[in-house]
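Each of the two complexes below includes chain A, the first together with chain B, the second together with chain C.
Now for the complex of A and B:
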């Protein structure tokens, strides 16, 4: 085996690190649009309209059954043609990150809708009835009674989906986007792939701590958002005031 | 955009030919993962010193990095490590004659092993301790109690997560082209490249994966039902 060049790894690490902004950009926007689409899908799924229910159900099944890479290819190779012939929009100058965000927004829409649906269903329906009984209108009841409890139930899953997106987004290197993995791939190929081990270790040292940090943050968030913790905080706050 | 349906129909049999490769990759990875995850879960549950630390770091790294990066690493390291080893023992095996699929099995099994380990560990912990004590009370030995009392109950808890992992592994085989293994996605890439009809080729595999994974999910659900049939008997 060839010897390991530590200094090359350090050099690559710091050359790749700035491209984390690209990764964070697509993670953020994919999640944003994904959650909007997911909310709509969950709403359809829980509605009584059988057509909407069937459409959202089919959408979720299709997204669950197709690998992300296949869907990314479909969007990357299909969307420009579709846009040109049907809407007259030229997508030649569009950056690769746009395709990544479109792909993963649509994929995450299906995943997040399941998170939201199960979170919503985890809250006892009696809570809603009680809220309406004490005179809240249904929107207020949802906002003040159902939503905070559903949010708490969803926290671990939201953490998982962010980590999923962070890792799955790395596939974007295939359509030529230079995010963290893409930049590493590019730097390595500039040196005729001679420093693969150094590159891969540098990449691991970027992705791994980031996921650890996210996992820890969401565990902490879950703890802080638990009902027991909130009650404790409230009662201790009262003591200070008194 | 005009869809070349003629090409899509012509390409479909060429692509379906590679479905067995995809299934073989997933099955191989799952089998390797089953063996190692059992071992790793045992190490974690028994808190074997040093080894349990290593397993924990392994789980953390695998969960924290993209699968594609794991594949790059295996594809890069495994051959050179093996070559160094083979030269040392003078086995005379040529490293370049080993089929790339073997590296793909290994790379795909890394994350499957991690998720299986978590599932098995959590499932065994979920079985009430009193069950084991009761089994001892009626005179069972530890292995018998494990096989007949703990394991059947733990399987019911672990299966849904393990089935998800199996489906994820099938999906992950689509990345095997990064290791120069031609499976369904790789075939579409080649066909698309030869005819410059990428979209049509990928649309083909979109449907192939849809049907394939839908069928696998269905079969796994059936298997799950069959394996936890004792629940019905007791209910």
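Now for the complex of A and C:
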């Protein structure tokens, strides 16, 4: 085995690090659009309209069955043709990051809709009934009573989906995007791919703390959102009666 | 006066309510008795729009609302005349006892915050739970939760409070305290419709007893009429069965 060059790893690490902004950009926008699409899909799926239900159901099933990488290629190679022939829009100058965001927004739309649907259903419907019967309209009942509890139920899954996106997004390098992985790949190729171990360890050291941090943050968030925490907060500083 | 007229409800082919009419005078306590599946709960759910009736109306004075075709506005207006106490309490799990009552006043009835706070505390005091005001439902016993549920309904000062088997989910030793509170609501002169299986309670507080079976009102009358001189065979059988069970349990 060849010698491990620690200094190359350090060099790569610091050269790759600035490209984290690219990674964070597509993670952020994919999640943003993904959640919007997911909310709409969940709403359709929970509605009584059979057509909306079927459409959202089919969308979720299709997305679940397609590997991210296949879908990324479909969007990357298929979308420009579709836009040109049907809408006369030329997508030649569109940056690769746009395709990445489109791909993952559509994928996350399906995944997050299931998170939102199950979170919504986890809140006992009786509370909604009680809310509308004290005179709230459905929207207020949702906002004041159902949503905060559904949010709590969704926190662990939301954390998971963000971490999933962070890691799965690395596929973007394959369509030539210079995110952290793309940059590492490029740096290694400049040196005749001689430093693969150094490159991927540097990348691991970038991804790892980030994922750990997210995991910890979401665990803390879940705790702070729990009824048990609220109870503790209320009773701290005064005598607790059994 | 509240007039419920010709309420019908079917779930698919199953007809649960077949033309039920009921008059409730102001301040009257109406207790609905009947075997399970007789449509008692469905009637309460239809007049509060938790279920859409297949036909029928409810009138508060001159304000007649079609139970089948009511608009969102009609529904909101009608619900704001009503209070509802659920079998399974249905307290807001993410709110304290105080907030459960307060939230209804502020978000449901648009009562100004300061006034709502006073009313909520007063209602909790009235059901004997002022010292538990900062407790979450998870920290309260079933009986306490149901008392908060009653406080939530009473604080709204509705024209009628609907009680849907308010003690059925409670442990036997907690039934008494809850019935006591409901009796106090009755004494306050609030109009009430109570669906229950508690016979002695019905006898104590009801001004009128309605016996339902198979989706129709079989018989109605004063507690004395129904319990001592029931006219209909079905009423007699039901009472015999219930009181029979009663003796058996002792």
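Methods note: the second predicted complex is superposed on the first by the 233 of 242 C-alpha atoms of A that agree within 3 Å, B and C clash if a C-alpha of one lies under 4 Å from a C-alpha of the other, contacts with A are read in each partner's own complex, and residues count from 1 in each chain.
In this section, a residue touches a chain if its C-beta (ideal position, glycine included) is under 8 Å from a C-beta of that chain, and two chains touch if they have at least 3 such contacts.
Everything numeric here is computed off the predicted structure, so don't read it as measured data.
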| item | value |
| --- | --- |
| Which of chain B and chain C A:189 touches, first, second, both or neither | neither |
| Touched partner set for A:129, first chain B, second chain C, both or neither | second |
| Touched partner set for A:231, first chain B, second chain C, both or neither | second |
| Chain touching more of chain A, residue-wise (chain B, chain C) | B |
| Chain B versus chain C as contact partner of A:21, first or second or both or neither | neither |
| Chain B and chain C contact sites that coincide on chain A, given as residue numbers | none |
| Chain A-facing residues of chain C, complex | 48, 50, 72, 76, 79-80, 82-84, 86, 88, 90-96, 103-105, 107-109, 131, 134-136, 138-139, 149, 152, 156 |
| In the complex, chain A residues that touch chain B | 1-2, 61-62, 64-71, 73-74, 77-78, 81-82, 84-86, 163, 167-168, 170-171, 173, 181, 196-197, 200, 203-204, 207-212 |
| Residues of chain A defined as touching chain C within the complex | 123-124, 126-127, 129-137, 140, 144-145, 148-149, 152, 227, 230-231, 234-235, 241 |
| Chain A-touching residues of chain B, taken from the complex the two chains share | 1-2, 60-61, 63-69, 72-73, 76-77, 80-81, 84, 167, 171-172, 174-175, 185, 192, 198-199, 202-203, 205-206, 209-210, 213-214, 217 |
